[in-house]
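Comments concern the structure below.
The first chain written gets the first letter, and so on, giving A, B, C and D; residue counts start at 1 in each chain.
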Amino acid sequence: MSGLKKVIIPEMPPLEREMIALRIANMLEEGSYVNLGIGIPTLVSNWIEGRDIILQAEIGMLKSGPLAEEGQEEQDRINASCQFICAMPGSSYFDIETSFAMIRGGRMNVAVLGALQVSAKGDLAGWNNPSRGLGKVGNIGGSMDLAVGARKVIVAMEHFTPGGEPKIMSECSYPLTAKACVDVIVTNYAVIDVTPDGLVLKEAIPGVTAEDIQKMTAAPLKVAADFKEMEL
Amino acid sequence: MSGLKKVIIPEMPPLEREMIALRIANMLEEGSYVNLGIGIPTLVSNWIEGRDIILQAEIGMLKSGPLAEEGQEEQDRINASCQFICAMPGSSYFDIETSFAMIRGGRMNVAVLGALQVSAKGDLAGWNNPSRGLGKVGNIGGSMDLAVGARKVIVAMEHFTPGGEPKIMSECSYPLTAKACVDVIVTNYAVIDVTPDGLVLKEAIPGVTAEDIQKMTAAPLKVAADFKEMEL
Amino acid sequence: MDKAYASVEEAIKDVFDGAVIAFAGFFSAGRPLELTRALAKTGVKGLTIVAQQVGTGNEEILELVVNGQVKKVISNYPFPRSATKGLEHPFEQAVRQGRIKVEVYPIGTFVEKLRCAGAGLPAFYTPTGVGTVVAEGKEIRVFNGIENVLETALPVDFAFIHAWKGDREGNLVYHCTARNYNNAMAMAGKVTIAEVETLVDAGGLDPDFIHTPGIFVKRVVEVGRPKLEKASV
Amino acid sequence: MDKAYASVEEAIKDVFDGAVIAFAGFFSAGRPLELTRALAKTGVKGLTIVAQQVGTGNEEILELVVNGQVKKVISNYPFPRSATKGLEHPFEQAVRQGRIKVEVYPIGTFVEKLRCAGAGLPAFYTPTGVGTVVAEGKEIRVFNGIENVLETALPVDFAFIHAWKGDREGNLVYHCTARNYNNAMAMAGKVTIAEVETLVDAGGLDPDFIHTPGIFVKRVVEVGRPKLEKASV
């Protein structure tokens, strides 16, 4: 029995990854330029068809379209996750120095990023899991530029690690992607804003209370005056 | 009589501006990328037809061609002197940030620049004639970047100011374009190399001696072992 | 994302007193003629002009100067080439009389300051200008044995640019050497306004050959092909 | 100025032991497959590789690693995405065993270091990386109330790049997102070598739509359209 441990989670099943993505898609404003990171963030693209939102692929494309269907792949047209994608009317390609000029230069209205940990101050740790044992090197990719450069950073992640540890905590213990960069955290249980006063719980999934979320979170949460059940 | 002064110049007539340009054209190596400044330097372009030399127009064009003939002008195709020019097979246009990346980045084999003064150490003063009375502002344009960035800087100028003062001097008295940047000075009387040992007289026009050139120059000249009459 | 405006007047309506405005163009090529002419008809004043030429080879900006709308100029080649012509030139006179302040940079530094503003980089070191008045009062630092001067980014409130073709989402294509400062200024502008000779719908431009991606451009207005006389410089 | 070479072998003949080489490409797109394969067949060693991927999604560079030709890697995303796959990956093993040194940067910093090398700018400040291991031991400086880290230019001895079309004078055009690092690396290379799918004579490309002007390119070699499997990442 010593190899096992007890984890407290709600009775209600958490959101599927697709539903986290949907909740985030509903936060995006018309007329936005948005960059979606690898993982759950990429799924947001499934929920914005027909909306006036332009996706940037940091490899060097604006208005990147849906995944290419089998047989329709163009080997020279991929996104930052190495998936074959479609072009759309109004798409453009550019070099990657220009791509990151856009990102650092504040032209992205929103970046949706995955995370390993988020702190109460909005610090983001996402690129280096120390358990891998690679020390101070790892795959940074575009994450640090996006975290620093996007006008709004939304983190999309599961509330717990696969090992059942909370990912929202007072201080990150993993190497940081950027300090004080996260604006909103959307997990499979809750929506939490990062404010100058600390973390503010805005929404929880049906059947889960604010008290439950606090117990599942290793940082103090304030409950928003307009706290409500998450709608999808 | 008090408003007049006596100036000592050789009996031999100096080179025409076109001939200064020809002497410089003969210094350029095949396979070079070259930028020509305003004034005498621009005339070098008349002497390189058919040669394997690519001219850059700093406004944002490589392989800039000859002046456009009357009636053949394209209003969107000009050089840095605001002259309508022709394109050639292999020409390319680019933005001016790229144009100056090339210049500072050491891709210009040669820049040919005009000058108001050149010092014994190769300091160049070319953008600001204090007599205009504008103080520390003036028309810098691309001169400072070219002086610093080109692998070789050839100055093309008359040996004297219009007022008969020497332009080659121990120290420049005018505001500098760049320090220690000039490699070769070609005037209407002489070719002078700038070396770590100071100015070295390489050539003088027929009928003018090394001693004459020294008298016309306000900085000490060494005479090259292979000093010779200028050939055109 | 339709960024098309019906008129240049509409497109520049929110330009405010004291704004910093970049104007593209290198002598006669690539100037936002119509946007600038429209600005001269508004009452806005106290402007800081960021442009290669002021007045010489740029009659539209000269009008702003003559109107007394300009407080400061940031440039690289602002004055007439000829000293004699300069003495009679309204811009040079305003500078000599202290009515307009001037800051000058080498072109490479000038354009890199704009690009850096657009690229989210606050400062850079360049070897250009070391040992000259351009470097006076600025930090000098040696890298690899070579002295460099520290220069900072130059963001602008508005960028007025001119493109050959544009689509309604702000993607732009330039023609020949009329490209010059247009891309760097588009990047630097908090609000970038592009006049285009021909406006097309999204999809009307080849995505492999867009010079300035639409994300840098807030407004687009069609103005037709300009009729240009050769500029006097 | 004919820069065309008859073969990739000829084009890379002077690559020397200890050279710093940049390889373009972002996962499967825009990699100089043929140049890199040719390099794996030479005996050169002690190389420093500058590339986004090493091995994952880049089997050609993996070959250099397996051959023991690589001493150091400068990258932004060098390891397999999956930790499990990483344990078995020859590059990651070489790093864990200390046989290959690794330096990592955020993409924006990585590519700007290359561009700066090509643009003759020795250093720049960026807000990216502040407060992370990337900034450790580097100068931090506040501009406009925001902390930035000082990063320096990254010149390379050789840049291996891949273009869609090229002319004999080195002018290049890229296709879709295969453009990625090709331009910045072309700028950074002391000797830039471009493999192109189609080689044309000077005049065969539209001068308004050249992505990398020939001045940045020393050698061009035609290799045809690559046959690519989707990369495993």
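Methods note: contacts are C-beta pairs under 8 Å (C-beta built on N, C-alpha and C of every residue); 3 or more make two chains touch, one makes a residue touch a chain.
Treat the numbers as computed from the prediction; the structure is a model and nothing was measured.
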Chains contacting each of subunit B and subunit C, listed by label: D
Chain located farthest away, centre of subunit D as origin (C-alpha): B
Interface with more contacting C-beta pairs, comparing B-D to A-D: A-D
Inter-centroid spacing, subunit C versus subunit A (mean Cα positions, whole Å): 37
Separation of mean Cα positions, subunit D and subunit A [Å, integer]: 29
Centre-to-centre distance between subunit B and subunit A (centres being mean Cα positions), rounded to whole Å: 57
Residues of subunit D engaged with two or more neighbouring chains: 112, 115, 119-121, 126-127, 174-176, 207-208
Contacts with two or more other chains, residues of subunit B listed in rising order: 87, 93-94, 97, 100, 103-104, 149
All pairs of touching chains, each written as two labels joined by a dash: A-C, A-D, B-C, B-D, C-D
Complex interface listing, subunit B residues touching subunit D: 31, 33, 52, 54, 56, 62-63, 87-94, 97-98, 100-107, 149
Residues of subunit B defined as touching subunit C within the complex: 38, 57-61, 73-82, 84, 87, 93-97, 100, 103-104, 123, 128-129, 131-134, 136-145, 148-149, 175-179
Residue ranges of subunit C touching subunit A (in the complex, touch as defined): 1, 115, 117-121, 167, 169, 171, 187, 201-203, 205, 207-208, 210, 213-216
Residue numbers on subunit C that touch subunit D, as the complex places them: 112, 116, 119-127, 141, 143-144, 146, 148, 152, 173-176, 207-209
Complex contact set, residues of subunit C against subunit B: 26-30, 57, 76-79, 81, 83, 86, 92, 95-96, 102-109, 111-112, 114-115, 126-134, 136, 164, 174-184, 211, 226, 228, 230-231, 233
